[in-house]
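Each of the next two complexes has chain A plus one more chain, namely chain B in the first and chain C in the second.
For the complex of A and B:
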């Protein structure tokens, strides 16, 4: 057995617990902004544990085993992202690939249930893939600046030249918008908009919902970690306590964004994301012409 | 055996096989097996903890043409 795997198991538990608590904090702050007491911070964790021992059903319209498999795939892909990003500090391109796989999960989750709400959530997930265009552009800009797509090389570059957030603020903003899109109740949260009940997760409840919650907690942790690692740098990310503080600050900012903005209509959401993508592409072109 | 426990048993078997693989293997393959083992075990164990369904015709939800 590879002994370094024990570190990965620790990291998985850490990511799940921190991700869950941060999502709970996000909900609490949102509630306070809106003048409500809100649920306790551990509510997300309690939900996950509670649903883990609840009965599941397969709707008559469900396509098995895909209906069950997508929930497991969700955990598998975000665990892969956690290992590749946080543990190996490997390529950003693989992270993009994993983010695209997440779309397959959302689409599969929605369509396999056969519910009209789930299907609509799945379809919205596909056209909200516009959120990935800024991600591609960000990686291109990071490559042009640091001459590498490996997270370890980006961290080394920042140790010498300072944080990338000051060198490429437009890219940092685009990545931040990606974080906003992934946050629950965000203006770009059309995939799980309340107009379509819970979107692709409408039929997945009980144990399957709990498994998806675990994946989402890990996803939230990984995305926050990536933002801090790629744009703020090793001074924060090398110390677990300062990483945690940075994550809490990011969560507070995201909660303010989610709490103060209404849910955008799907076409507005995509239009805004494409506008941001265009902005980053202009930045990439400028870097190509100027030379890094 | 109902459908959720049937899939749970399959997942549990896959998860346990992956654990044996992790113990025997070394290097990158152990990480791949870990990524497969965690969700399989999560569902495999969960499927045997959840209560048995109380509906007579599992899967036939009353609001959808039943």
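For the complex of A and C:
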């Protein structure tokens, strides 16, 4: 991957465009499954552009400057994740750190607006941190198998030994659940559940909403890329067209999951994620005992 | 293929979607009413399906995006025909 400034800008635009189109496709497929016409697949992109040119409004209850900066922090976080993961193929531990920072964004976004829906979204975001536990366990299991947490080393390991998805199906499943959690309208999407309007994003409007949409598109791209890189391997990830096709297939699977399952209650969501984390921890223990 | 070229192709695909959306909203007043195949969309989709496997793949992306972007109830059959032609051409050229 080209790590020059031009190359990084190119990658950022690529991540935004692909992420936006995939989120649009996800919504379209979900709608068709549920017997609705659904929006065109460029709807997410149109939404982002529409909000980008609208004026910024500040609710009377908003706590500035947090209300404004949290949106910028969101895009900064996912841009960092994009560069660290896709460009530098660096450590998975940094990606975990970045994913944890996302919780600060969601929490800050909700609380800074002053809206009760936003606050509830922020609070739910804190206890949906349970989604990160499987991620920690997955990284531990990957380390025990490949003896490295660097994405570049994991890719090299897979080039020699084959895809990790066949060696670590439980970990791949746990990471897949993380993807499901991050997907809009998923059963774990309690942070932005429709029962609390739009959750932490209820009061963010105009340019700030647009910036958050851009960050979410990049986040979706990064998480799909990570899954493909860590569990499927270099045979797919080294070719951008194969990566795109794999991302489309994964989006179709995720859309089926989101379209066919109801939104879980917050405590059920956390319980299920913790159960999956427990499953992966058992896998980690087993790998510790048998030695990788 | 370079990332920059892929980005250009994606941008053209998005523009194709947008043109298809505008065209279908102008031509059809309501969704799911007319059951016939749109000839313009079908021709563009077939040309797009062929071009996508040639060095002019960017134009192919623009053209195949056209039926996909059309409003609900229109362009589905046209897009699928274009996609099948693109896949057939890919397989023919590869083997």
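Everything that follows uses one rule, which is that the second predicted complex is superposed on the first by the 289 of 292 C-alpha atoms of A that agree within 3 Å, B and C clash if a C-alpha of one lies under 4 Å from a C-alpha of the other, contacts with A are read in each partner's own complex, and residues count from 1 in each chain.
Just so we're on the same page, contacts are C-beta pairs under 8 Å (C-beta built on N, C-alpha and C of every residue); 3 or more make two chains touch, one makes a residue touch a chain.
Here the structure is a predicted model, which means the values were calculated and not measured.
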Chain C versus chain B on the shared chain A, clash or fit after superposition: fit
First, second, both or neither for A:147, with chain B first and chain C second: neither
Which superposed partner A:267 touches (first chain B, second chain C, both, neither): neither
Which superposed partner A:240 touches (first chain B, second chain C, both, neither): second
First (chain B), second (chain C), both or neither touched by A:8: first
Partner chain(s) touched by A:50 [first = chain B, second = chain C, both, neither]: neither
Contacts of A:59 with chain B and chain C, given as first, second, both or neither: first
First (chain B), second (chain C), both or neither touched by A:211: first
More chain A residues in contact - chain B or chain C: B
Partner chain(s) touched by A:76 [first = chain B, second = chain C, both, neither]: first
Arrangement angle, chain B at one end, chain C at the other, chain A at the vertex (C-alpha, nearest 10°): 90
After superposition on chain A, the shortest CA separation from chain B to chain C (Å): 19
On chain A, positions contacted by chain B and by chain C: 2
Chain A - residues contacting chain C, complex: 2, 7, 10-11, 13-14, 17-18, 21, 37-38, 40-42, 45, 240-241, 244
Touch list for chain B against partner chain A, complex: 3-4, 7, 11, 22-27, 30-31, 34-36, 38-40, 42-43, 46-47, 49-55, 58-61, 64-66
Chain A-touching residues of chain C, taken from the complex the two chains share: 1, 3-4, 6-7, 10-11, 13-14, 17-18, 21, 31-32, 68-73
Chain A residues touching chain B - in the complex, by the definition given at the top: 1-2, 5, 8-9, 12, 52-62, 64-65, 68, 71-76, 79-80, 83, 206-207, 210-211, 214
